[in-house]
Amino acid sequence: MALDATASGVFPIAPTPFHPDGRLDEASLGTLIDGYLKAGSTGVTVLGIMGEAPKLEPEESIAIAKHFVKGFGKLPVIVGVSAPGFAAMRALSRTVMENGAAGVMIAPVPSLRTDDQITGYYRQAIEAIGADIPFVIQDYPLTLSVQMTPKVIRQIVQENPSCVMLKHEDWPGLEKISTLRAFQAEGSLRPISILTGNGGLFLDFEMERGADGAMTGYAFPDMLVELVKLQKAGKRDEAHDLFDAHLPLLRYEQQQGVGLAVRKYVMMKRGFLASDAQRKPGSALSAKAREEIDYMLHRLQRAVT
Amino acid sequence: MALDATASGVFPIAPTPFHPDGRLDEASLGTLIDGYLKAGSTGVTVLGIMGEAPKLEPEESIAIAKHFVKGFGKLPVIVGVSAPGFAAMRALSRTVMENGAAGVMIAPVPSLRTDDQITGYYRQAIEAIGADIPFVIQDYPLTLSVQMTPKVIRQIVQENPSCVMLKHEDWPGLEKISTLRAFQAEGSLRPISILTGNGGLFLDFEMERGADGAMTGYAFPDMLVELVKLQKAGKRDEAHDLFDAHLPLLRYEQQQGVGLAVRKYVMMKRGFLASDAQRKPGSALSAKAREEIDYMLHRLQRAVT
Amino acid sequence: MALDATASGVFPIAPTPFHPDGRLDEASLGTLIDGYLKAGSTGVTVLGIMGEAPKLEPEESIAIAKHFVKGFGKLPVIVGVSAPGFAAMRALSRTVMENGAAGVMIAPVPSLRTDDQITGYYRQAIEAIGADIPFVIQDYPLTLSVQMTPKVIRQIVQENPSCVMLKHEDWPGLEKISTLRAFQAEGSLRPISILTGNGGLFLDFEMERGADGAMTGYAFPDMLVELVKLQKAGKRDEAHDLFDAHLPLLRYEQQQGVGLAVRKYVMMKRGFLASDAQRKPGSALSAKAREEIDYMLHRLQRAVT
Amino acid sequence: MALDATASGVFPIAPTPFHPDGRLDEASLGTLIDGYLKAGSTGVTVLGIMGEAPKLEPEESIAIAKHFVKGFGKLPVIVGVSAPGFAAMRALSRTVMENGAAGVMIAPVPSLRTDDQITGYYRQAIEAIGADIPFVIQDYPLTLSVQMTPKVIRQIVQENPSCVMLKHEDWPGLEKISTLRAFQAEGSLRPISILTGNGGLFLDFEMERGADGAMTGYAFPDMLVELVKLQKAGKRDEAHDLFDAHLPLLRYEQQQGVGLAVRKYVMMKRGFLASDAQRKPGSALSAKAREEIDYMLHRLQRAVT
């Protein structure tokens, strides 16, 4: 199923499961997919930064994408295809689309600075992969050091009809959502889907600003799904009650460098993964950190039941 | 009163009050000081990054420091003296110490990269200001791009007897506190005070890792004081209950670029400041952002009463 | 004399002379000014990055500016007024203009990224200092990390009638000069003066691309003056012969971090300064480096006589 | 032939030849190898940054390495294996060594900051690829933002017996070479080969500081070979005469972003490559830039004959 601008709900950013010795854990891929489907995800994104994509062999990347496509059936699978060269980007994009992916996600290369450089990069990238593949703009300045204004995003969308979604991960970024939706309202921007990242740390208000849902890997995708539903139903207080109960852990997971270790640990405890191992180079949790997470999980359980 | 390594509790990072036209608001300086004292602060830090120090005239900086010294009486006032040149750093340091400051805080210049460059910088800085002035290391990689390992911090402390405190603002930084306290336990580091920043976003666990308190400007210094007390008394659950109630707002205040606008708005609503104006160039809140803050304040009030 | 868009020739970036103990060397200020005038400079720029401006006390900065204004008489003196806050920028700008400066130079703050942030910054800065002060845009991405496209420069020029000059220090930057001159030719940009920096490393070709002259501190301002004359007279081969003889030393002076030490050492040997001391923190030359410079000076002397 | 610490002379950084449509130009690979051998190279380095390595498909990378190994016969071929993950680094390293490479070159990942992070990274990398593969440290702060002090380089060398060479590309970097050779003289560092990069811009003095030769892609490898010989023979004046004649072009080639376009254009004119095309995304030369290069080549020819 091709991705289009009406996409909404929750697209988890899937981690890649490894065995403690660094091998890909194919069995856990199945468990992970089941978990995401059971949680009510409306799609999934694979081979992103949090998926340890740069550490994968090319054939592993494709195998993982295939697993998810098969598991998700008619639900859309987005594949991260960011690469330093357009040849590799094109090759991966064509391959995953032929294998059933719904669209691709493209982050700008970190060296881009000026507005013209950024819009030029997307023009060239789309020329390379082909204008027939639906794509997602990944806007993630904290990690990529590339800053896109709402006007730049609008220009990319207007110049490239195959752009269907913004993965919004600017921080702070609430005003950016409001500005983009105002562009739509005044007719200067065609409708696109906006899913938000940042580990969900501002999802409570992002929904109120006009986001269509979340694209992030927080270890409780079921909470993200529920929150998006509550906000869409206009149940503001209930949405914030749910969100606030998760905020201590959400915040803890949002630590650059160790965040993935926290996330995998919680997903292991919740049965999504058999192991919390990362492929090297990776980070590990201290015993004290694990105790802190356990404490927060305990408090969370008490709060939501 | 000279600052020493036993300092603990809460040292708010004071914002600088301005009139809407950009003039210094001296009357609000008095209100602010009263508010901090009433909240139970054990000291205060002025002329930091959040105090809009780079926008002040030299004579304004000194006037502000004097106000705080007078208002805080026997309680210690720390003055930020970071500067591109050692001549200016020395001049400001000597002046504020002569006027009753308890110590100074020094951040590394952003160009420093290697361990030797960092330790060398602090050696030169202390040679410049004089070894008789108690000083605080400001460790704030997110903004300054300078990364100090625990070993580098230890070396600075051991080489400079006038170093009495670390303002810890690494993110993530919990393991750094544990490592420094382990250095102390094994005898390779003399005791120093560790107060933590990051807007308080991890203060709940930082206290459990061995911090002595907080040095941050969160708009509820009274909560910070209470949290530090609860943690020191070993009341873990009560401490987290209090902290979690504030976390939605704490998190909202921790947005790079607009954080100070959020903080000043809340402090204005709470009566600490007459206006939330910033001296130019500054940032402003949208109507929607103010509504969001009001909503969180309303929820907070309900939660803690 | 007010600076205007017809400025051309050579405006040296003046270093600040210090005694070995760090005090300002006022006597050398006189020698330096004489040297620049004798070399045929058409103006001068003071309090730039290479002038160690951030290490000066405010009163020293103003004293230095006054010295140059007095010494240069009717020739224009440009003063660097870049500052983190607009209040300080305004204060310094008004003071130096009242004391006879011809214009001011403003660099963007390093945090600016997007086109809108950059043009907005200049709008606010000019609003702060007043639209009656002729100003120079400093475009120096290597040090400031701010990248301005030709379109952004054009927008700043068109929006601010008091903009009269671009200090061009992009690297690589030849195409930028060609593009800006093409904008002028097609009528989309009003005429401005373009003086180039980068230590003169590309001055040979920058003149051929349309620069009006140089604004840089290379230790042989007399060569810069001669080169600009030769290029304006269309004597391409002679210009390159002269330039190439200096290139080994020019290149050596263009080393980030030690460049100023090289420059001051050569200027001391040439009688422009009594000492090559820098105010702390500064860099020093090894004995081997001094021998290398002496060797290049010896070869240069042989080549040009 | 395995690379060892006695390596010296000139190891060109080979560009990757492409057809104008972006396909690998295998015929030009042969011409290029012949040209390097005829120029007197003592080895070669492939798949470096200037070789557009990140834009190659994995199978292309290996094919290129094989071509060079076959062409260079008993002369050593070094292969760049830098990668975000150790699995990919290991796979490429093992494959190219099995196919006859003499050693591998490893750059640090750009996120490394502290001394411990850097030395830890090399420990982990060598653990991953195996301690039996001779490796080269690539020290290139301008592009990679990782700063290694001489002490850090010494630690990497001492901890990893398979380290045989430093590709020195710090800028400024003359003192670093002197310091490392002083470490050797005092016995705290075992002998290693030091080849220098930076496009050769300081090769004249780097040889005098103790470098063993050059590893850079300047379009006249024959000049680099001759220069290294002259310096080793102690013919200082002749060495500088030769170097200075090339310096205008060397300097022109050292422009970040367009440098590779300049280099490929000159190599095409000299018969090393059939086309100066880059695989996308790449940069192109304007007609004016080509005229400038032609002019410099004309002057160079006149100077050296």
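The letters A, B, C and D name the chains in turn, as written, and every chain counts its residues from 1.
Quick note on the criterion: contacts are C-beta pairs under 8 Å (C-beta built on N, C-alpha and C of every residue); 3 or more make two chains touch, one makes a residue touch a chain.
Please read all numbers here as calculations on a predicted model, not as lab measurements.
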Could you work out which pair in B-D, C-D or A-D copies the interface of A-B, where over half of the contact pairs coincide by residue number?
-> C-D
Over half of interface residue numbers shared between chain B and chain C means same, under half means different, so which is it?
-> same
Chain whose mean Cα position lies farthest from chain B = D
What is the distance, in whole Å, between the centres of chain A and chain C, each centre taken as the mean of its C-alpha atoms?
-> 47
Could you put a whole-Å number on the gap between the CA centroids of chain B and chain C?
-> 38
So, what's the distance in Å between the C-alpha centres of chain D and chain C?
-> 34
Which chain B residues touch at least two other chains?
-> none
Touch graph of the chains shown: is it line, ring, star, complete or other?
-> complete
Along chain A, where are the residues that touch chain C in the complex?
-> 113-117, 147-149, 151-152
Where on chain B does chain A make contact in their complex?
-> 171-172, 174-175, 178, 201-202, 204-205, 208-209, 240, 243-244, 247-248, 251-252, 255-258, 286, 288-289, 292, 299
Any idea which chain A residues touch chain D in the complex?
-> 22, 52, 54-58, 83-88, 91, 121, 124, 128, 279-281
